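Consider the two complexes below, in which subunit A is the common component and subunit B and subunit C are the respective partners.
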Partner chain A sequence: MLHYKPSIGSRAFDIGNVCILLLFSLITLIPFLYVTATSLAPMKQVLQGGLILWPETIDWGAYHTIFSNTHFVNSLWVSIFITVTGTFVNLLFTTLMAYPLSKKRLKGRGVILFLVVVTMLFNGGLIPTYLVVKNIHLLNTVWSVILPGAISAFNLIIMRNFFMSIPEELEDAARIDGCRNFGVLFRIVLPLSMPALATFTLFYAVGHWNNYFSAVMYINKSDLWPIQVLLRQMIIEGSVEQFQNAALEASAQVLPKSIKMAATIVATVPILIIYPFLQKHFAKGVLLGSVKG
Partner chain B sequence: MDSTTEQHIKLSNAISKKKRFHMINDWELYVMLVPGILFFIIFKYIPMWGIVIAFQNYSPYKGITGSEWVGFQHFVTLFHYNGFWLLLRNTMLISFYNLIFFFPVPIVLSLLLNEIRATAFKKFIQTVIYLPHFLSWVVVVGITYMLLGTQGGLINELIKAGGGTEIAFLTTQEWFRGLIVSQSIWKEAGWGTIIFLAALAGVDPQLYEAAIVDGAGRWRQLWHITLPAIRSTILILLILRMGSVLDTGFEHIYLMLNSTVNDVGDVFETYVYREGLIGGKFSYTTAIGLFKSFVGLILIMGANWLTKKFGEEGVY
Partner chain C sequence: MNNNRKFKTVLYLSMVVAILGGSAIGCAKKDTASSDQPSSTAKADSSKHIKISSMFPLYGDPAQKTEGWKFIEDKFNIDYEPLAIPNNSSDEKEKLAVASGDMADFMVWESFPSADFYNYTEQGAFLALDDYIKNSPNIMKLPKTVWDNVKINGKIYGIPRPRPLTTTAIMVRKDWLDNLGLPVPKTTDDLFKTAVAFTKNDPDKNGKADTFGFAVGENLAFLETVWNAFDTGNGWRVMEDGTLMNSTITPGRKQALTFISDLYKEGAIDKDFAVLKTTQVWDKINNGNAGIYIGNISDYAHFVEDTTKINPNAKFEMIPLVTGPTGKSGVNEQIGFYGLQVIPAKLEKDPEKVKRIISFLDWQMSDEGAMFKDYGLEGVHYTKNADGTLKVNTDKLKAEAIGNLISQNKFDPYLNVSKTAEPEVQKKQHDMFDYDADKGVTNPVISYLAPTQIEKGADLAKLRDEFFVNVVMGKRKIEDFDKFANEWLDNGGRQLTKEVNDWYKANKK
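Up next, the complex of A and B:
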């Protein structure tokens, strides 16, 4: 960079800039802090109201209440199952399809790719997709939220482009050593694609954890509800009575407000835990697609 | 003579063996495609074929093959339905507000971030503003309720403490669209900067140095170097947004809707969900879905054509 004496205008620009960005960050952070602090704050402080950014003392009461509620714990397990299984299905389906499509010697490659891209521009829509899910008897099973989204066409193409960037010579070497296509994929190509795989794992996993719409559409049984659906009932429809009853039984005094906030935090914590990993990878991952194949 | 023939046979054997080896390999390659192709057929192409029910009186008992054909009747009903224009207005207005108020925010944010020289500070801001993207809409709408609700919502508590009267943010029609756009900005604007920052990272620093030598100040550098560097990115994102003018984000709107704001907040997606899935009007709502997809396709193609006309690279 050239060294030059910053003018007053330039200084003012910098200061204004920093202030605007700090303000935007504060607007982003304060709701988080408020919800976290309130969920942990003792009842007295919550009743006083106002903007709570720091609990006077830590009170785990609200968390005790939600974790002693079988419905809530069950929903958490459903979400965990959907996230783990769903992400595995996503990765398996996506890699298995992306690998052959990255090979020039595959016959019909152009046609398949074209048909994949068409689905990105045009789709059957809500009702026809629902009818398919219904007709193959997936309604009210966890598979209804896993299988219809098994492959994202966009991710498929990004992964295919990534596979194409791996030097063919490496695969040839493995072939001479006696590896077949499956061996080449699982022993050579996938280990070389770890950064891409990590990105896709995280993105697919976050998608499953946060998914609300498919569950509302396809699942009517309340014991198969993922956490987002239950959370919506608790906060937006405001039905926390069942939790308060549980709280009374436990002879602990917990405010509905604290219960709602604790539930929100529990539903958010998994995201916050993987966020550092996400952050490390996503900049690379998001830009993978820009690598010309 | 004999020995050469033998050699020939050996050679051709070797070749056919090699060929067979490749065939086996490629056979495996085709096996790998099977799950993916099945997925696209079952969950993408069969539903496309299922669109024909938009031209039928579909009944779940008779199935697609047995249902009665009615031609464009559902489309005629749709265009004569007063609510249709309401849906179209709501959808277009929310999209339009998003375009005016949401779309420029990531651009401005990335321009501001680009001017920050202290790497640690820049990283910190980026970490914070990317975070909301990973929260679910349920959590974002839930937090909105906790902040703006009338019973114990933070803002209303503060208003009351200041001697004012409660404002029913969530159940007032005038607030609805503003809230939707603000939530979108809160959740996605930070994340939206990634693509612009990537484009900006590719700008040659020498351009700025040359501009400084020529006496250009910060604003002039911004105007003549930084902005042109992201112009094509902005255009591409605009085209993509054109294609999704009628997609307003089901989860988000659905979670924010309640009976008092239905008149301003009901959009195509929520209507299709309510009338189609809950109300069982499969054919009618499929017709709406088809109308929506069709308009989206035309808009994206039109926008792409226009961009190319202006000498920029389109999406395809």
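Up next, the complex of A and C:
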């Protein structure tokens, strides 16, 4: 590809760059490797402690413990449902609110936006939010973790800015061809916004998948627990007092540490898998706002 | 100008909203308390089928709806709804339940003594139980010390989940003692010599200097019986004139710190101690780096299991307490329970339900209840052999998580004996609990939470930990101890001491 001979200076720069980037990737890779290796390492190696980057032999015991848990499959489905439905709800509502707010002809736009920004700075706090969720009878349903956060104020504002960058002329053309408001939104604006949509899909999906706290707060039935709650439940962790008071039934052949690591892998990998599929959009999405159309 | 005005209007509006929101929080409890009484008008009738929910922190798997569940529902004629909450967030969830007026019919409240618990009690969130429990034989089996610890203004607002009062033991690598020809240490001087020998004389005979004496954790954790040998007091020490002195600044503390910093100088205390969490300290024992550990008797079982896994020759033993220079020794006496079963005040209008809850709890604290929690139902989860031993279907027991159906337990000094460990290990734990029983050093104000403690307790603890750690690591001199004591007093310690002494004088039994 190169048609010119790079100067020594620029070569040195490239080499330096590569080294630094390699170093950074190692820094991010090693903890992941450690977690993976520890989850697979045999008990003796784990007990000896230290940094494990390669298991001496492969021991699937920790994974076996996790997957043989009677609640595991159930919780996996709950999590998948929450992630898929939740992300869909998020995207639908965020779009439906962001689009009108991007139009200058909307009256009271500034006030609405201001109110949205207020929610970014102030929120009701745990107990009032809980009371709202309770009084609209969402407690102990999966909707309690989906609906209260249906629109993220931050994402809404970014999305609105993205919509504003789409040339008005395109919409005018669509209107001349007979499109109404919804037609313009779904046939013109959204297809042009794929980078933004992909980015928010990722943000929202990761959020739902990793959601732990609100599930614990709003869901009392163990058969509605998402995977994150269940996995943390398998790891007895806490203060010394809790150690002492917990029923130490983990006398089995698997170490809590291995299970902890395996749980981390099981919880992380599914969401890692969707990154490559969204990556090309994602890369574009990050640029958003930097170049105005 | 116009814009600015608009902005102001919106600002005022949002402030009004915020204030209204704030006052709504205040009312919330009352509102829900008065609107949420499904059976307040029901006549007392023991044959009536009622619904009872229970919220408690859950360790491990939630219980399945199987025979055990049905057994409870039939026995007490109730619809039983256990709301098990993950132990990782249980504290927050408990506060949330009380503050939002959305409590289960009975609930475990964990943190005690805590400011929140006192506040909620004063605000009347919980039912005083004295009259309801006085005829419950199993509940009343709890020792008086424990009842004294839970009373608030002389009343009982929660039934404690009993735990042993004393739980600590000194554990040493017996095989190392044998290798070096040393006797079991009896005094702090012996302990000093042993720890130094463990560091310098290669007790594991592997030719490497990879061992040391004490396994210690951050903020000098796991040295409890050493402190007590020097008579530091457990939290607060009754001084010769009858007043209380915080054990942070007792004369014994100075001696003990000297002892520990000397050990550190000899390399007999883990060099990394200042940054080690509990499980990391355990790793040092398991790997055969450390030879002495002071901690929970219940932990003994996993140490025996794990040390022998790495080194089959390892012999880990619990030894009697060591005595200090003045002949003192002891273990900290704990509060004697973990969490309280509380009942919301709104159930006062439904005495039948309260009665049913109390009888349910009383059963959980009976021998039969203890059998149920540990082994399930006879004929379903276990059968009795001819010789009286049990044949337990552990797989079924575990799969259904029977033990997690109920949250209360019997008063049992041997509760923390590891039921799944080798019989020999269980026997040693059992004997150690017996040995410990009369060695407790009491904290005379264990259930009192002084206002200054709430306000400045964390800062004072930080001040203490920093000084202690620095002295041990040689960054500050032990001669500074008196200077530190003054600093501690000036930063709220004096006020704290006064409050604690006032309370002690008023409540001394």
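Operating definition for what follows: the second predicted complex is superposed on the first by the 191 of 293 C-alpha atoms of A that agree within 3 Å, B and C clash if a C-alpha of one lies under 4 Å from a C-alpha of the other, contacts with A are read in each partner's own complex, and residues count from 1 in each chain.
By our rule, a contact is a pair of C-beta atoms (placed from the backbone, for glycine too) under 8 Å apart; a residue touches a chain by one contact, two chains touch by 3 or more.
This structure is a prediction, so every number in the text was calculated from the model and none was measured.
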Partner chain in contact with A:L131 - subunit B first, subunit C second, else both or neither: both
First (subunit B), second (subunit C), both or neither touched by A:W143: neither
Touched partner set for A:W209, first subunit B, second subunit C, both or neither: first
Subunit B versus subunit C as contact partner of A:F93, first or second or both or neither: first
First (subunit B), second (subunit C), both or neither touched by A:S7: first
Touched partner set for A:F72, first subunit B, second subunit C, both or neither: neither
Partner chain in contact with A:F162 - subunit B first, subunit C second, else both or neither: neither
Which partner, subunit B or subunit C, touches more subunit A residues: B
Partner chain(s) touched by A:K257 [first = subunit B, second = subunit C, both, neither]: both
Touched partner set for A:L115, first subunit B, second subunit C, both or neither: both
Common interface positions of subunit A, toward subunit B and toward subunit C: 49, 115, 122, 124-128, 130-131, 213, 217, 229, 232, 236, 257
Touching residues (chain side subunit C, partner subunit A) in the complex: 6-7, 10, 14, 18, 21, 24-25, 28, 32, 55, 58-62, 64, 83-89, 92-93, 96, 99-100, 102, 163, 167, 221, 278-280, 283, 286-287, 296, 298-299, 301-302, 305-306, 309-310, 338, 398-399, 403, 416, 418, 420-421
Interface residues, subunit A side, partner subunit C - complex: 43-44, 47-49, 69-71, 110-111, 114-115, 118, 122, 124-128, 130-131, 134, 213, 216-217, 220-222, 229, 232-234, 236-238, 240-249, 251, 257
Subunit A-touching residues of subunit B, taken from the complex the two chains share: 24-26, 28-30, 32-33, 35-37, 39-40, 42-51, 53, 60, 109, 112-113, 115-116, 121, 124-125, 127-132, 134-139, 141-143, 145-147, 152, 154, 157-158, 161, 186, 190, 194-195, 198, 205, 209, 212-213, 217-219, 243, 250-251, 254-255, 269, 272-273, 276-277, 282, 285-286, 289-290, 292-293, 297, 300
Subunit A - residues contacting subunit B, complex: 1-2, 4, 7, 9-10, 13-14, 17-18, 20-22, 24-25, 27-29, 31-32, 34-35, 49-51, 92-94, 96-97, 99-101, 103, 105-106, 112, 115-116, 119, 121-132, 136, 147-148, 150-151, 156, 175, 180-182, 185, 206, 209-213, 217, 228-229, 231-232, 235-236, 257, 260-261, 264, 267-268, 271, 275, 278-279, 282-283, 286-287, 290
